[in-house]
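Two complexes, one shared chain (subunit A), two partners (subunit B, subunit C).
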Partner chain A sequence: MADIAFLALTVITIGSAIAALEMRSLIYGSIALMGTLGGIAGFFLLLDAPFVALFQIAVYVGSIAVLILFTVMLVKRELIFKKIEDKRRKFAGIGLMLIVMVSLGAIFIDSGIKTITTDEPPVDFRDIGADFVIYYWPALILMGLILAGTVTGALVLARRVDVEDDQRTN
Partner chain B sequence: MTNELIDFTLVSVALLGIGIYGLAVKRNFIRMLFAIEIIINAANLNLVAFGRFIPDSGGQTLALFSIAIAATEVAIGLSLIIVAYRMYQNVDIADFRSLKG
Partner chain C sequence: MSVIAPNFKLSGFIQSLLDNIFWILLLVVLVGVPAIFMILFVIPLPVIDGELLTPFLAFSALVNPTRLLPIIHAFLTTDIFRVMAFPGFGFAALLAASVIFVERKMMAKIQLRVGPFYCGKVEGILQLMGDGLKLISKEIIIPAKADKPIFWAAPVLFVATAAAFVALIPVAPGWVVADIDLGLLGVFAVIGFFPIITILSAWSANSKYPFIGGIRALFQMVSFEIPLILSLLGVVMLTGTLNLSEISASQSSFPWIIFLPIGAIVFFITMLAELERIPFDLPEAESEIVAGWLTELSGMMYGLVQLGSYLKLYAFAALFVVLFLGGWNGPMIVPAFPEQIITEGIEMGPIVLTIDGLGPLLHETITQEMLNGTLWFVLKTAGVIFFIILPRGVFPRVRVDLLLNLGWTKLIGLCFINIFIALGLLYAGVLGPGGLQ
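Our next item is the complex of A and B:
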């Protein structure tokens, strides 16, 4: 049976996920998305994974959400508050959401997952560090290269060529 | 531990459903990115939950990789939004017609 902290986190996470998609203002929407990401970090703490929880807070709540907020601020003011959607599509979307939730939920409840419980101690974060350097070091190096490449790619994509040319002529 | 694996799985199914709804209904590029983030977080929650109940450190390791890759995905997605916004002065994906094949 779930405890109070779990129920509170569930309400926060799912409520702010709906708010992130449905709020009229994109700025409030991105703040609500921060709530969802923080709620997931809380779930990680409940699952005895403090290392992943802190990583989640540092990367998602700390950097990604702030990056999204800055991008939203670059967009025109009227576009931030404009909601673009049509009614029929919305009802179809709600239907699709309910089908996914009910069918996948029924499959999971009906499967053997319900009987899985554990009394074993949680995984030590030193094991995760050992995993990274012993087994997954090629993947770690590859990930570092991908991160560097992606940040460079993002900077090149967002660069304004016309402004630079103007500056050069001046 | 009082919480069971099925509880975490059901939360992640709910988040997946909300994310799919957002991708299907919203036409705003930034909101679609929100929906993708919600779906990725649902997957990470599942990874860590299964890793706790098996128990195995692989779940948390994979979740850490997944979080880092999601960060790069957001960086590229946001720079694409900025480029598209500069070209079309809009964030409605229906306006991005020249991207059609």
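Our next item is the complex of A and C:
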């Protein structure tokens, strides 16, 4: 059962990833991207990590994909992109991808992944939370500071002086 | 005098009816019954009381309550019943449909109108059925340059997402379709799909008004999702779980709205915005952009979107009840089923009527607690829905910039205050381990 689900998810993820790159229509491309992200959420579910899976759906499918869709809808494609049909670049890209995938796969197989026992109980997300607070707190605080700095920077950059209008009162 | 059908003949009508009956009978006998028997070879049939439930047994059991009750009992415990009927789609759709009628009638009373009146003898009670029949029989018109696949799929996806939301809501102890440990996260994940479907449907219609409405809906939903999620963190901190059934059960002595009123208020406001209801109904502002993102939908596609949005309304109200108002908890007001009927039967003069399968059915599945919990849950949900539809008769629509300002600054600030209140209660020892519970 898990094997069938794994195969189906693999087909969905890789197929929609290729579709996301190759579709002529940008809207359909971003829908296919949603399929890819959802397929990755399915992998997390198979790996007994429902916490990560649901966050993957809530954040990536629910927010990032919406952002992409929104941008695509508001922008006229013809104004930005020039269509370049180049067979050699395409094949070079496919070859590069194959080389990267094969080398990554070789590293994975070489890393002793076959000897891992898979019948262990799933990790409780409460343990992960406790680990975060106890052992990884410097990293958490650092991340928090970086995020806060980013948000402040974004707010400063996005700030503009509002034009005063007497007829609009808040 | 105008007549609807000038060439109407009663004999012709009866003949067409008889024709239909003849063809239906012929098709059932030649195709239907063999198909059923072929399917029955493949389906594993349930075993009830040590007996395989064949179709013949099922038909004979129909006339004998003693044999029928175990079958009903077995059916009530199946997943398909949960998904389709009781805590799932059927129950929610029934409540949602009644909300549509109550809303129309209530708006009319608030605005000193009559409201639905003629359809059905009593106060227009069949108006909803009439509307449904109208929507089903209307032609579905697809705009000329619409993106057909997305345009067709969007209403169905909308209902499906709303039904997925409904599936996560616990109605009574143990009565929930999907009892997952991360139920609240599941709710957040499902809510995230609504803006996508809305904007896709709006874009695919290839028309100005839907697109403007869709972009407004997207703005509104995405910006109010953040205070929505933040306002629920207080409850999660106090209960220490994300499972909605456990959150509901944790409020057996007091509901969380007593300790977290700010979170409840913020959640209620964000709920109004997510549901696109007045005062936040900018995506469907009928006086500015026709019907917003629903403009090009016609016939049953519009009906599906309406069904989906009212299912969503029920689900949000139910979520409010589960998180803040104590879910199914409440004083026991449903009377116990008389035990004498189960053990000894009903005495009617010289005859004693005993019903065998009644005991297990009433002790295991339809218990007193389940009925009481469902009653309290429905009462509380109806109350919350009343307060959701009440602003429609009272408030005007707010402006877009005020709406976004409210969502991004005021509500998020209030959410953090709520979280600090929850943390304070937790660390002061009022709630949590060693506290009131």
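Operating definition for what follows: the second predicted complex is superposed on the first by the 128 of 170 C-alpha atoms of A that agree within 3 Å, B and C clash if a C-alpha of one lies under 4 Å from a C-alpha of the other, contacts with A are read in each partner's own complex, and residues count from 1 in each chain.
As a convention for this text, contacts are C-beta pairs under 8 Å (C-beta built on N, C-alpha and C of every residue); 3 or more make two chains touch, one makes a residue touch a chain.
Nothing here was measured: the structure is a model prediction, and the numbers come from that model.
J.: Mind checking subunit B and subunit C on superposed subunit A, clash or fit?
T.: Verdict on subunit A: subunit B and subunit C fit.
J.: Touch check for A:Phe55: first (subunit B), second (subunit C), both, or neither?
T.: A:Phe55 contacts both subunit B and subunit C.
J.: Quick one: classify A:Asp127 as touching subunit B (first), subunit C (second), both or neither.
T.: first
J.: Which partner chains sit in contact with A:Leu145 here, subunit B, subunit C, both or neither? Use first/second/both/neither.
T.: neither
J.: Between subunit B and subunit C, whom does A:Ala158 touch in the aligned arrangement: first, second, both, or neither?
T.: It touches subunit B, and subunit C stays clear.
J.: If we overlay the two complexes on their shared chain A, which of subunit B and subunit C does A:Ser63 touch? Say first, second, both or neither.
T.: both
J.: Is it subunit B or subunit C that touches the larger share of residues in subunit A?
T.: Counting contacted residues of subunit A, the larger count belongs to B.
J.: Quick check for you: in the superposed arrangement, does A:Ala8 touch first (subunit B), second (subunit C), both or neither?
T.: A:Ala8 sits against neither subunit B nor subunit C.
J.: Counting only touches as set out at the top, which of subunit B and subunit C does A:Tyr136 meet: first, second, both, neither?
T.: first
J.: Please provide the least distance in Å between a C-alpha atom of subunit B and a C-alpha atom of subunit C in the combined superposition.
T.: 14
J.: Where on subunit A do subunit B and subunit C both make contact?
T.: The overlap between the subunit B and subunit C interfaces on subunit A comprises residues 51, 55, 63.
J.: Write out the stretch or stretches of subunit A touching subunit C in their complex.
T.: Contacts found on subunit A: 27, 31, 34, 50-51, 54-55, 57-58, 61-63, 65-66, 69-70, 73, 125, 170.
J.: Across the complex, what residues on subunit C touch subunit A?
T.: 147, 150, 180-182, 185-186, 188-189, 191-193, 195-196, 199-200, 203, 211, 215, 218, 222, 225, 402, 405
J.: Under the definition above, what is the set of subunit B residues touching subunit A in their complex?
T.: 1-11, 13-22, 24-28, 30-31, 33-35, 37-38, 41, 44-45, 48-49, 51-58, 60-61, 63-65, 67-72, 74-76, 78-83, 85-86, 89-92, 94
J.: Would you pull the subunit A residues touching subunit B in the complex into a rising list?
T.: Interface residues on the subunit A side: 1-3, 6, 10, 13-14, 17-18, 20-21, 26, 29-30, 33, 36-37, 40, 43-44, 46-49, 51-52, 55-56, 59-60, 63-64, 67-68, 71-72, 74-76, 79, 83-85, 89-90, 92-94, 96-98, 100-101, 104-105, 108-109, 113-114, 116-123, 127-128, 131-132, 136, 139, 143, 146-147, 150-151, 153-155, 157-158, 160.
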